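Naming follows writing order (A, B, C, D, E and F), and every chain is counted from residue 1.
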């Protein structure tokens, strides 16, 4: 499925090439077919870059986007060449959120013969939109999201479903839904409180729709790093992705799956699950290879792991 | 139920009137009948101010308080004029916690023919005290709590059941229960760990009863803002409450209900619930009104929403 | 079970004696029989000090350690003389994590006639290793852990099962498991996200195995205090332990049990449980004694509580 | 609250008086003030008889009924004279279910300015109707329900919230809601599958609204006993209630509370809860009295237990 | 998607036509394109008949079957013409279970470079097979399954995911998995204990793989009705499906969704969910139509409901 | 640990030898050292027979029993020679329940300086008694329990923790706890409602302490088979155990573990768990061996499986 330019055999990611890579990542000329809102590339071995690419519309989430995301992450899930994903956006801002113009029909003029049937259809719509971001969690490959400029409404739903959040100094975040008369329903209210530590802050953001800037995003734990500008951030994101891609995919993807499992279960249940998980996963050759590398004082980068 | 002075038709809250309003809020002459520990007013349209008012006793929580809270918040829940609550306290400190003198009988000399029956009665007492703060959560209208000076013991139970926490620079917080020989049982141990991010800190506070001051309360996420003094804080609380009151009550109250639901359920359950919730709530006219206002670059303040 | 030098009757802990005590704690000459990896002492009344003591091996966790921990904490659980535990490590660092040399057989060459039987045996091993740290949580007495230097791999599993975390300025923390090809399976992935507030940070640490230093450990809430050096930290740990030991053991241990219960249940379930818990526990004489002391403006230190 | 004729000191229930009592129970002349749909009496010591009493309307559940039930069971909960409840109905059938004529306004013409607000009001209505039957479960005193003739719609919601179900040979049961275009929402769909063992049968009953007769109700476990006629059934209900009333109320009510807790939790959680429950309840004198009676080969009837 | 012969406008199902219909259902000449293992027809208005159709292979479940089921039930879910499904099997028996010849590759020779990767692939396979039956539950339309002859292994997984189970007098059931060396993993162990009431029986069946015949299936509640022969059973299934199809689809499908929700949640959670569900669904015109019909003593059959 | 007479190499169980074996099982001369209340033998290959053996005291559960059970089942769990357990009792009845004479101290005169400390100690006692029966569930090997005569009080706790229940025609069952003034707290209230299908019956049994005889035990699903007398029952139990012992231990024990997991989790959680479980367990050679045997029309008995 990957466009040929992305499939081209890339050497292992190196620091030297980073700036060039980052520039290449930012200069993509448009969406990658069959997508109309996403641009897909492979900036380095085992790393997939997904770029939200509707800059002329401030990356507003239109109908196409909601289904393309599902298709894209389902592809990534089964792509053995991909071990980690970097998600970012083209243009001046990360995203203005839902594209009200394009989506108005579904939400503002739902079909149905009576209130119950209209409701039934709305529920189907909301449930299918939720899937757009839940696929990120169901994909066992870690997703590093890099945010610049505004990240509004649906953007918060998106990034809270990612695993690691980075941003630029000029980024700001806004849970916008109360401003358009609704309770956020595709993930923000469910995931944000489990993503950052201060419930008072979560409530304030969700109830007042005020903007939160990069510094508060960092101190509150929404993002784990802030970069001076987008170029630095993309380099940082690539480097972090490289660190993950270099490690055993059995270890990395098992870690993601168990972290998400633990979030939604008691500690006792989580321990039971990981013991059952690891009864087979510990038998991977990756452990032996990794231990040997560690004893020889080699970095995980020096080890070649089988695909998963 | 609202005293006439509070019922007086108030114009929409404006920045200009703020200082006056705040002073008015602080000068209330005493509890509002039928309450003996609470003073109720309406400082601005759609905003209810509940003031803990037993300043001569350092706002210690006596028997009357425990039941008046239930009555008060049940009234607020069904009051269509109220969209948001500001909770603060009169006098020098927020609260000294439980009024041991007044409560001693219930707790220290419980009735019952044998240990089991004494225990049975104690459980009824504790359960009914828990309700005093749980009503805050069951009320779908957001509660902004503003803390000045000391907030001790039962005060922590109270504020952790509120939605947004603010404090003054001179505020301090103390989980006091271990100092009087008991495990906190009306909400602190259940809610505090879900309110702030550091479990190590929660445990330290609950096990050592040490004081936490405003700066640590802010950095730990217990409060989302610190103000120089009470007057500034009340102005800030009113402004924040105004932001909430200006928005669609369908959106705001649905947001509170879903945030609390999400806290106690898995992400998958939370998503299912909000989809079911919104299948009707998205049909509100508020969405149409809000979207239209947004397109006309108007603020949510400019929109008139029906009562809920 | 306690060695005689530790059993010696110690007066109540006082600030004056602190430095001496701390030095005594750090100069222990070796493990306490029957243990080969743990040194047990009683630096002050009601405080048990457990020291990880394999300094020549960087306190790496060998086979003996995994079972000695279970034995040690089971003893502490039923020891009426102990009300609080301080856990620290001898030598230059806290721990290098699992001792791969010693453990290799169990993990790298598990027995079994086919894959299913090998898996069965691995699951038994992992489950029994999980118990090594779960005993810390099952013990109702609070555990203050004091970390200096490196805390790697299994060290994170250990400290996240403790109640309060302190560290020195030179401490660093590393979730190391992905580096050796596996998903952490003895507690880190289950407990770390419930211990610190930023999920983005948790994911980054677990997926990249990067080091986190003391300042970030503090700001993220992993530790609640950072000390200049180990001597200061041990004095601080002892003081904190003293604060806990001085309070009612009924209150303290009930608090720990209910905090852990609340973590794994909804708020409603947690409230129900604590009401049922306290229907008997409120009948302790400790409440009366504590209230009386409070009314006489005495510190909890001044009260003598019965053993539990 | 009990009418004087019921308060009259009754000797302990005896078999001899049974027929007379039963006849007395069935001949009650009308509802007991302040109720208009319920008749309350005390046929024997410690037994409260609640009779649904709107025979001229086939005991259809009108508006008054929905709130009177809450009031009635709240009274019973705190009435120390009552240890067990028998619930039955006056007239020719148990109940025809909801009184559509009386309730039509609430359900068919709900108020509200838009769909969301109408929905909000409907949710409040449904939630309050659910409480009508949930109070039966929240009341710690066992409720034996005796059904004769038809038990339709809301009747199923009612009886599934009771603890023990008896019926006459001519009784039949019908989950009627699909016939009036709605999913049952006040308890049947939640409780029926946890009350009887065959899920296939539950689904069939709920999806087709077919009638189930006494024999199938017995073989499926919906009722635990079938009687030839109402008189026999009432005698049997009284006798069973007498068996319960004769036993320790600490034991009986603790049993009900723990059975309901267990239904909604895992076995591990249930065991933890009952251990916490019994740490005080085992200290009742009732155990000593009961054990002594058992050793002296006396029946529990011979023991006098304190009120609870 | 429906073959034209099935799309032909059928009058409402009537008793007279039943035998003919049943015979027609049984004489289907083969699978319906694009399926190779399923034959789809519409024996009566709003009723879809899905027939497992691989009689020459004793309806063994081959690779095609596992994916065709998902496709088929996804189509049914969105087909507004279908309100209820009857599922049965062609040929001499219901199903011999998994087709070991066809599936051997996936299960007995899974691919992967090491044990962990083989395990990873096996887990993907099992998870995808689970979906084959979970789609039955996710489809909101009730599924009546009619079993004749043997129902073995995967057949139990299939029928326990259906809503109502019927069988012929000659039917027998066998949880076969232990006989081929594995724990049943596509639904039996999860659903069977929630489908029938006797845990002792469930355990016996699953641990010994003994056959259970029709009478025990009925008395244990696995099936809700037993018929003399297949023709009678199909007539009975059609009649039952007709009863369901005649009722409001809003009521019927809401009932199925809430019954399944209730199975996996506490009663309190289930009540909350159905109240939220019904706040919109009660606004259906179907309620008004149904109530009016009821008042006019008409059967639900007489009412025309809009499609859903 | 097994006594030599039981270790003697026994041929595979055959029908012919059954009566002899059964008689041998019943004539055991006394408890097996180190036990004083349990007699252990190996009547056939891979089958362990545990006999409650205190006939002169009607098998009342004394202090020794509570701890011997834990020791015994822990041994069985790790004994590779054992694949299934038959549990029965010596003498005239199964068990009279708790031995009040022997246990009175623990329960009636618990130690502790105040009510809280007495409660603390009682909770420890109850928790440790719960373990006596929970070990049966934690042991992955199926336990078939065979009941004759009376099974009272603690006996119900015991048998509900077993996997398959059989009884003689003269057996009767009694949940006795309310008769001695307490709510059953070592498993009955938690497990009985998940073991039999009729909640009405469970409540009646637990609240009235009435006896249930064999026929009702069978029709309610408490037992899955009733035998004419003890000899027949023991033969039946042995035969059933033989069926289980002949099958793959990987399949059998995985089945037990997943059935118990499913009981306490939602269907979705159960499916996730079994998929993770089977990703390794399907790689057993037992599947290949079993499939081959099945294709050759051999019985599972004909296959030799490795020990687990």
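Quick note on the criterion: a contact is a pair of C-beta atoms (placed from the backbone, for glycine too) under 8 Å apart; a residue touches a chain by one contact, two chains touch by 3 or more.
The chain lineup, named per UniProt: A, B, C, D, E, F = Delta(3,5)-Delta(2,4)-dienoyl-CoA isomerase, mitochondrial.
Because the structure is a prediction, the values reported are computed rather than measured.
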Among B-D, D-F or A-B, the pair whose interface repeats that of A-E, with over half of its contact pairs matching by residue number, is B-D
Copy-to-copy rotation (subunit C on subunit E, CA atoms, range 0 to 180, rounded to a multiple of 5 degrees) logged as 180
Rounded to the nearest Å, the gap separating the Cα centres of subunit C and subunit F is 37
Distance between the CA centroids of subunit C and subunit D (whole Å) is 50
Subunit E touches at least 2 other chains through residues 115, 119-120, 194, 196-198, 219-221, 250, 263, 268, 276-277, 279-284, 286
Given the complex, residues on subunit E that touch subunit A span 113-117, 119-120, 250, 280-286, 306-308
The residues of subunit A that touch subunit F in their complex are 273, 276-277, 279-280, 283
Per the touch rule, the subunit A residues reaching subunit B in their complex are 100, 104, 107-108, 110, 115, 118-120, 122-123, 126-127, 130, 134, 137, 177-187, 189-191, 193-194, 196-204, 206-210, 219-221, 263-265
Per the touch rule, the subunit B residues reaching subunit A in their complex are 142, 163-165, 194-198, 219-224, 240, 243-244, 247-248, 250-252, 254-259, 262-263, 266-268, 270-271, 274-284, 286-291, 294-295, 300, 305
